[in-house]
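Chain IDs A, B and C follow the sequence of writing; residue 1 opens each chain.
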Amino acid sequence: MNQENNSRRDFLLTGIAAATLAVGCNSKKDAFEAGAEDGAVASGKKIKLLSVDGEVIEVDEAFLKPVPHLPPVSNTEARIGIPGKKFVMVIDLSRCKNLKHCQSACNHAHDLNPGENWIKVDPMQSADHTAPYWEPTTCMHCDEPPCVKVCPVDATFKREDGIVLIDSDRCIGCRFCMAACPYSARVFNWGEPDILAEVANQLYSAETSIPQKKGTVGKCDFCADMTREGMLPHCVSACPNGVFAFGDMNEDTVTNGTETFRFSDLIRDKAGYRLMEDLGTKPSVYYLPPVSRNFPFESGLENDKTQNS
Amino acid sequence: MKPQNKSIATLLTIIFLLSGYKGFTQTAQKADLSIAVNYFISNNKVPRLMVKVKTKVNGRFQNVAGISLKLFLDKDTAGKFIGKVVTNDDGEATAYIPPSLKSQWGNSLKHIFVATFDGNKKYESANGDVTVAKAKILIDAGSDKTITASVFEMKDTSWVPVKGVDVVLAIRRMGADLAINDTPAFTTDSTGKASGDFKRDGIPGDAKGNIILVAKVLDNDQYGNLSVEKTVPWGAKFTMVNLFGKRTLFATRDKAPLWLQLIAYSIMFIVWGILVYLVFNVFKIKKIGEDITAGIKKQ
Amino acid sequence: MENLIINEKITKGQLPKNSVSIANHKIISIADEKIISDLLPQKFGKAGKIWVGVLTAICLVGLYAYYRQLRYGLIVTSMRDYVSWGIYISNFVFFVAISLVGSLITAVFRLAGVKWGSPLTRIAEIIAVAAIIFASLIIIVDMGSPERFYYLFIYGRIQSPIIWDVIVITTYFFISILLLYYPLLPDIQILLRFKQSTGKRLYRFYSFIGSFWKGTPEQFRLSEKAINILCITIIPVAFTIHTVTSWLFATTYRPGWDSTNFGAYFISGAFLVGAGAVVVAMYIFRKAQHLEKYITEDHFEKMGRVLVLLALLYLYFNMNEFLTPFFKMKESEAEYLNGLFSGNFAPLFWFAILIGMIVPTLILLFKKGRKPLPVFIAGIMVVVGAWFKRYLIVTPTLLHPFLPMHDVPESYRHYFPSWEEWAITLGSLAGAMLIITILARIFPIIPIQETITEQHETTK
C-alpha cells in the first residue's frame, strides 16, 4: 500500500495537454516536438516508468512534462520568437463554406468580446460575373509588416519566426497600425473587455494575447503559445473542412490536422497566392484559389445571416 | 383566495416555471460521456495512455474538460491502479504505467486498460477501455532510399511477424508527419514488412541535412498506436536566412536604419542647436539689462 | 565699466534710429503716448467676460466628456475598428494647419520685406501658439491609453512617422514660443510702466519675463538677430510639421491617403486656413479693442488678396489630388471617390470645396469684397470649410478598406461622432480661443514698440 502511494505520487499526471508529448527516453533533440525542444533541458530529476518489455527504466522528468502548458515565456523571449521556425499558413478557399468554427474557436481561446473577430470570413466577388467565394482572413503576419513600421513605441513587433505580435503592456492606443494595415486585421479594445475577473487578472503575455486590455490593439497572433508547444493554432484544428493548413516554412510542410502537405508542392500544384501582393507586404498567409469547390457559395449564406445581424 | 392573490400566485408559478426550466432539465437528465482510451508506444519504449472524453451536445460531439478519471490495468481494483488524471481543454489526459505494476504487466501478453469516471452533477458515471496485445515496430532505411517497416507481435516468448497491418511511413514535421510519397499507408506482408520509396527529395532537414523518418501503426484494433523513428541524412542542408535583427523600417527601435537615424538626428541636432542658442541669447540680453540696473543702483 | 559706457551713450542720445529708449522717458512724444494708450491690453468688458465665460463653459463640458472617455474608454466615441480615427484626428490636423500661420505672417512676410504685415504678427503668433498647444492635447485625447503618453519619449521608435510628428510638434511649439517672446520684450518694458492699472500679479509676471529689457542698442541688436534666425528656422520647421502630419496618412496604403501630393496639399491648405483664421481674428480684435487706426481697411484689402492667392493655390492642389484618381477610377479607389463626388459624403465634399475655397475667392476678387466685413465673412467660410475638409480627409478613406467590412457589428460600418466627441472637439476649439483671448488680455495684440518705430519712420 505504501509503495502504491509513492508510485501514485510520482504519477499524478494530471491533465497533460499535448497528444504528441515527447516521451524522451531517447533524449535526442527532437526538432518536431516544439514543446520538447524548448523545455528539453534535462531537469536531472528522473522518474521511474515501466517499459513495454516490462522493465523499469528511468526517464528525465523534463521530457514528460506533467504540466498542462508551458509557463508563459518572458516578454523578451516573446519578442524574439521560437528559434529556427518560420510559420506559414495556407487557406484553401475551395473548402470554405463560412461555417465560422475557426472564428468561434479563436474568439473562445482568446477571450474576445462579441463582434471583435480576429478571423473574419468575407464573401468575396471581384466583379459582377465572377464567382463569389468565402474568404477567411487572419493577420497576414507580413514579412515587411506595414503596421510594425508605423508603431511609435515598439508595441507591435516582427519576430524571428515570422509572427507579428502585440505587447498590450506597451501599446499606447494610437491606432496608427490599424490605419496602416491594408488587410484590416487589427481590432481595438474600445472599452473595458467583458471578460471574467480571473482572466482579466492574469499577467499579460504577448504570446497568448490574454487578457485583452482596454485602449490597446489586438489581432490574430497565430496562436504563438500553441505553436511554441508544437500544436496547431485553434482555427486550424477547429475547422471541420480542413480549410486552414499551418506549418513551418523551414520544414516545407503544412498540415490541417488530418492531412499533411509539402508546402511547396501544394502551392505549386494549386497555384497558391497571397493577398495584395502588389503592396509589397510579403504576407505569411497563402491562399489556394476557390476552384473545384467542395461546397457551393450559397451554402454559407445562412450562417452569414445569423452571425452578422 | 382573493382574485388578486390568485393572479399573483399564477404569476409566480409562471415565473418559477420559466426561470427553473433549464435547471429542471439539468438535474433531471445528466449528460452521457463517451470515454476513449488510446494506447501509444514510441520507439518501443514506454507505453503511454491517452484518454479522450467527449459528450454529445445537440447531436455533435464536444470535448469535455475537467473530468477526473481513474485508470486501471486489466481490472478496476485498487492493486491495479495506474493513476488519476483530469482532462484538459481538448478533453484529453495522459498517463504512463508505474513500476508498481511490473508483475501484473509481465503476467500477460494482452492487457486491458480501463478508465472509469464516477459521475458528477453534470455527467453520468461512465467508463471506457481498450485491449492491446504487445507488439513492436522496427524501421530500416536502405541506401536506395527505400524505407522498410517491420511489425512484430509477442507470441509466447518470441516476436513473430504480423501480416496485413497498415503502416504509415512519414517524415517527422511540426505538429504532423509528412508521408514519404503519395501513398497514405503501406500494408505488411507475410514477413511483417512494408516498404515504400522516399519521394521527398530536397525537403529541408537540419543544418546537416538530417531528417527523422517515422513508421507508425495508427489506431490498430490489436496493437494500438506504435511508432518508431530513424534519423537519415536525406534532407537538404538547411541554413536559416533571417531578416530578424537587420536594420529595417520594421525592425525594433534599436535597429533603426542608419540612414534614417543620420538624417533625423542631424536635423534635430541642428534645429535644437539653434533653439538652445536663442535661449542662451535671451540670457545674454538679460545680463545686459541686469548690469544696467546694477549700474543705476550704484550711481 | 561697460554699464557706464552704455548709460553714457544713452544720455548723449547716440541711439540707432529704429530704437527708442522709453526707459529714459526723454524721447517719448505725445503721439507715442497715444499709441501706447490705444494698444495697451484692456481689462475684459462685459462682452469680454461673457465671451470668456461661454468659452470656459464649453471647455468644462469637454472636460466632463473627456472624464467619461477616460473612465469608460474610447467606447464612448463612435469610432470603431474601421473608422479608427475620427474627428479627433481631423481636429488635430486642423490645429496643426492653423498653427502654420505663425510662420506665414511673421516669417514669410518679414523675410520678403512686407512691411504692412507687422501689426498682424502678434495675432498670428498667438494663434499659432494656441493651436499648437491644442494640437498636442488633442492627440493625447485620441490615445487609447493616455497614461502611457510618456512611452513616446522612453520607447520612441524613430522609424515611426508619429515619432517624427512628436519631435517636430515639440520643436515647433518652442520656436513659436520664442517667436512670440522675442518681439514682446520691448513691449513688456512699456507695460511695466503701468504698475497701477496692471494689477499686482500681472505686473509680477511682466517683471519676471521681461524686466531686464532696457532697450539698449546691444539688446536690440541681439533681439533683432534672434528674430531673424527664428524667422529663417521656423519656415522649414513649419513645412516639416505639416508635411509629417500628412505623412501619417500618406505612409499607409489606403485609397485617398496613398498620395505623393499629400505634403504639398496639406501645406497649401494650412496656409489658407491660417490666413483665414488671422483675418477673422483681425476683425474681432479690431472691433473689440477699437483698433481701427492700427488694423486698417488696407490690411483687410491686402490680406484679402493673400487669401485669394492661397485659396487658388489650395484649389490647385485639390485638383491634383482628386482629378487624376478620378480620371483613372482604380477599383480600390472608385467607391471612395464616388462617395465623395456623388455619394454619402458629396454634400460635405462640395460644401468644403465651395465654401472653403471657391466662394471666398469669388468674394475677395472684387474690390468691394475686400472691405473688413466681407473679408471677415470669407475668413469664416475658409475656416469652417477647412475644418470639414479635414474631416473628409480622415473619415471617408477609413470607411473604404480594401477588404469588405464584414463580420462586424452594424455600428462599425458608419461613423457619426458621439456627443462626447463633439464636446471634446468643441471644447478644444473653445480652449484654443480661450488661450488666444487670455494672451490678448495679457499682451498687446499689436506690437506697441514696432508701431511707434514705424510711426517715427513714416513721419521722418
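Note that a contact is a pair of C-beta atoms (placed from the backbone, for glycine too) under 8 Å apart; a residue touches a chain by one contact, two chains touch by 3 or more.
Bear in mind that the values here come from a model prediction, so they are computed numbers and not experimental data.
Colleague: Just grab the chain with the largest centre-to-centre distance to subunit B, centres being mean Cα coordinates.
Modeller: Measuring from the centre of subunit B, the most distant chain centre belongs to C.
Colleague: Report which interface contains more C-beta contacts, comparing A-B against B-C.
Modeller: Most contacts of the two pairs: A-B.
Colleague: Relative to the centroid of every protein C-alpha atom displayed, which chain's own C-alpha centroid is closest?
Modeller: When every chain is reduced to its C-alpha mean, the one closest to the whole-protein mean is A.
Colleague: Starting from the mean Cα coordinates of subunit A and subunit C, work out the distance between those two points in Å.
Modeller: Each chain reduced to its C-alpha mean, subunit A and subunit C end up 49 Å apart.
Colleague: If you average the CA atoms of subunit A and of subunit B, how far apart do the two points sit, in angstrom?
Modeller: So the centroids are 11 Å from each other.
Colleague: Would you mind pulling out the distance in Å between where the CA atoms of subunit B average out and where those of subunit C do?
Modeller: So the centre of subunit B lies 59 Å away from the centre of subunit C.
Colleague: Where in subunit A do residues touch at least two different other chains?
Modeller: Within subunit A, residues 146, 149, 154 contact more than one other chain.
Colleague: Please set out, as single numbers or ranges, the residues of subunit B touching at least two other chains.
Modeller: In subunit B, residues 249-253 touch at least two other chains, as defined above.
Colleague: Quick check: what residues of subunit C touch more than one other chain, meaning two or more?
Modeller: 155-157, 159
Colleague: Which subunit A residues qualify as touching subunit C in the complex?
Modeller: Touch residues, subunit A against subunit C: 103, 115-117, 120-124, 137, 146, 149-154, 170-176, 178-180, 182-184, 186-192, 214-217, 276, 279, 307-308.
Colleague: Which positions of subunit C touch subunit B when the two form their complex?
Modeller: Its residues touching subunit B are 2-4, 6-7, 155-159, 164, 167, 171, 174-175, 178, 181-182, 185, 211-214, 216, 218-219, 222-223, 225-226, 229-230, 233, 237.
Colleague: Using the touch rule from the top, collect the residues of subunit B that touch subunit C in their complex.
Modeller: 249-253, 256-257, 260-261, 264, 268, 271-272, 274-275, 277-279, 281-282, 284-296
Colleague: Okay, in this complex, where on subunit A does subunit B touch?
Modeller: 3-4, 7-8, 10-17, 19-21, 23, 25-26, 28, 30-32, 34, 48-52, 54, 56-57, 59, 64, 68, 79-81, 84-86, 143-146, 148-149, 154, 157-160, 227, 230-232, 246-248, 250-253, 255, 257, 260-262
Colleague: Under the definition above, what is the set of subunit C residues touching subunit A in their complex?
Modeller: My answer: residues 72-75, 77, 79-82, 84-85, 142-146, 148-149, 151-152, 155-157, 159-163, 166, 248-249, 251-254, 398, 401-409, 412.
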